[in-house]
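Below you'll find the structure, written out as structure tokens, and then a few comments.
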Amino acid sequence: MTTQELRKERIDRGIKVRSDGLYALMSWREMAYLALPRFILIAGMLSLPFLMPGVYWQRVISIVCIYAILALSFDFLAHYVGLVSLGGAFFIGVGGYIAGILNSYFHISPFLTVPLAAVIGGALCTLLLFPCLPLKGVYFAIVTLMYPLFMARIIEAFNIFGGTDGILGIDSFSSTFVEQYFIVAMLLIFIFAIRRMVTTDMGLIFTAVMDNDQAVKASGISITKYKSLAVFIAASMGCMAGACLTHIYMWTGISMFALDFSILPIAATVIGGSGTLVGPLLGCLILVPVSELLRDFGTLRIVFYATLLVGFILFKSEGLMVFGQRKYEQFERWKGI
Amino acid sequence: MEILVYGTINSVSLALMGLGFAMVYGISRVPNFAHGALYIVCGFVTWALFQRVGLPYVLSIFLALCVNGLLGMFMYRFILIRVRGMNISEIICSYAIGLAILEGLRWGGFRGMTNTLPVFMEGSFKLGGVPVDYHRLFMVIIGLLLLAGLWAFTHYTKLGLALQGMAQDEQAALMLGIDSDFMAMLAMGFGAILAGVAAILILPLGNIVVESGYNVLIMSIAVCIVGGLGSWMGAFFAAFIIGFAQILTVVFIGSHFQMVVALMAIILTLILKPSGLFGRQKELEERV
Amino acid sequence: MTQPILKMQNVSKTFGGVKALTDVSVDVFPGDVLGIIGPNGSGKTTIVNNITGFIKPTSGKVFFKGKDITGMAPHKIADMGVTRTFQIMRPYFSLPAYKNLVIPLFSPRAKRTGGWRGGGRHGDRATVAVDILEEIGFERDSNIPFKPTSSLPTGYLKRLELARCLSLKPEIIICDEVFSGLSMSEIASMVPLIEKLHEEGITIVMIEHRLRELFQVANRVMVMNFGEKLIEGTSDEVMADAKVKEAYFGSEKIEEVMTYA
């Protein structure tokens, strides 16, 4: 009686000839193969606001994009630079407050507050995080977790910037059209920009810092400079998202520093696929609507995505996007030995 | 005088909170971010058994501590063991579990100010002109006894020494036949029980509110980091430093600032001297 | 009397209770090949770390071309032209081999000086990286420069470490045990490389255990023991010294050991 041993074999579909970032495209079919996922992404995201039934869900899409920008910054920092930041709420809060202050105290219009908040907020966050940059991974994570809580308590304790009530009466965007499409557009721009950046030499240095910072130091490159740069990029993105959030809700307050903003991007990244930079968006597309649906259940939704996060970390830690990418580019079959 | 008395009380309560976290990290190097959740769980189970089911108070406490211990061991054995060694994943995982527990409790039962646990003893006395209730005194005594007991346990019993061995050098301990996974599981269970003990002692002084779960977590982290992760003596000293600092701020500045002090302590320590007061992680210092 | 290019002056380093280095002084002149030898734990790697800024000396000073570099940040010291290899090799394992060199070519020094052979200033860094690799002995045709670093054998990785130093157009290369872990043939091919670098005018400091190969290239040797400098001189002077023999073999039974050898 013969039993055949089987092994699983993964074969590249062969449509995309991959050689360190270089693609040899030889036919329309290949180009379509490559372009299709990106096309779906862009077309899909741009058309989502149209497809949504009603204002409530359109707003949800905006919230998805805001979370997605934050998750993107987390993914970038964690998997391309090696800095795990557990406190995304810090960026959102700082950006939100700066936009709120600029708008309500200085009467600057949303068109300007958003970019200003992004730049000023980014600089401020980088400055505040600067002393923590040399810390080893775990400690950096703990410190970043503490920062948003710290800011919230300071604002509450000193009762500045509106204290526990927050700043009310902030202008919203000039039209709902702008409100929705601006954020979607920024999200798409960020995704493609960061994807592009990590393949340049600067992205290479980030990867090197993550891999082996001693060697980078011995090569005459200042690690602190590059880490600060990476944090600035991530912080600016987060602050911009926070500023947009302020204008959508027409309000900013301590809850901008809430736990939600720290945990959901991480969950979205893990679920959607860490390291892919698109995975976080996928994760947000899943998590945010579900959490909205569960809004009736109050804080149960946090239980839900916390559990989902743990489940994914334990069992499918690569995430959906990586899984999907693999399926798209390779096919598996059982083959007899 | 007031400051001295309240400072000591506050410090001992901080030490109690931080002890569980310090123990778990010291032995198994797993930062248990569900510590605050375990604290509240014990309070909740005690309350449920006592008020709803109607068991005698002492029995409720005992059963709640058992539940906590089992919960801690369960958490390690089935969840954290799979991410052991990957530091960030451990933090995220335990944090998510803690989050799930706390928010679940918030949704399921605890809303507002209605839930309390009774104090052990009514009444108060005056210590040098400062009113102190018996319960707080009881807490300080038990806290100090606990610390002394733990010290004796880890230095004189076989199990305690095994745990210490693991704390110092895991691989060496493995080679000597000490099963590190089993020890880590015990450590987590033990840490959970300590969190429960802290809850039993401290919660009767106020209401059982889910928010305090987060606060306890932050305080525990503060105590452990300032004292140096992995050093119980350090945690004890740090508890006193932070405890007195908090009372001083309350007296001189205002009572909103308690949490700010704790958070500030964490941030400052990590920036200036990451290995803490007595920390063993000297490699963070050199940053080579 | 030329100025020493690198000067260590009474450098001491204590870690807690451990005295890693005690009052070490040495002058290295341009074009020297200085060997540093000694039993394990004698402080050789600590010297390298102190010179290149990865550790700050507890006391004493380090001078490069007359300028005080004691305690400067490692990347600034590398920027001045003092480069080093690591005993426990640290290439970027996740990247292809040539990308290991693209990174140093991105540093301010490479941009300033043009890197090795002046290619880093304007040219495509990837091409320059492959050129450097070829010069060091990576066969271009066999595709080795493009393989992932984790798949390369030790001999290539050691050369990669040296190449990383080269891409910065260094004035000094401090090699921390480059010969360790290599087979005889790999060492035999490494020695001409060191000689070639010496001919280019680079000052080389080598920490080594393999004395025979070291003595082929070094013109001066320094012996360390328990953090102290025992002696410095030519290889013959050093090996004839009684204190050195005592450090390596122990004092009592030298004659017996020598007869059994």
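Annotations for the structure displayed:
Going by the order they are written in, the chains are A, B and C; count residues from 1 in each one.
The definition used in the following text is that a residue touches a chain if its C-beta (ideal position, glycine included) is under 8 Å from a C-beta of that chain, and two chains touch if they have at least 3 such contacts.
All of these numbers come straight from a predicted model, not from anything done at the bench.
Closest chain to the protein centre (all Cα atoms averaged), using per-chain Cα means: A.
Comparing the centres of all chains, each the average of its CA atoms, the largest separation from chain B belongs to C.
For this pair, chain B with chain C, the centres built from the Cα atoms lie 49 Å apart. With centres defined as mean CA coordinates, chain C is found 43 Å away from chain A.
Computed from the mean C-alpha positions, the centre of chain A lies at a distance of 33 Å from the centre of chain B. Shared interface positions of chain B, i.e. residues touching 2 or more other chains, are given as 288. Residue positions of chain C with contacts to 2 or more other chains are 54. Shared interface positions of chain A, defined as residues touching 2 or more other chains, are 214. Considering their complex, residues 31, 79, 82-83, 87-89, 91-93, 95-97, 99-100, 103-104, 106-107, 218, 221, 225, 254, 256-257, 259-260, 263-264, 266-267, 270-271, 274, 284, 287-288 of chain B touch chain A.
Partner chain C is touched in their complex by these residues of chain A: 20, 201, 204-205, 207-208, 211-212, 214-223. Residue ranges on chain A touching chain B, taken from their complex, read 78, 84, 86, 131-132, 134-139, 141-143, 146-147, 149-150, 153-154, 156-157, 214, 259, 263, 266-267, 270, 297-300, 302-303, 306-307, 309-310, 313-314, 317. Within the complex formed with chain A, the chain C residues making contact are 52, 54, 73-76, 78-79, 83-84, 86, 90-96, 99, 102-104, 106-110, 125, 146, 164, 167-168.
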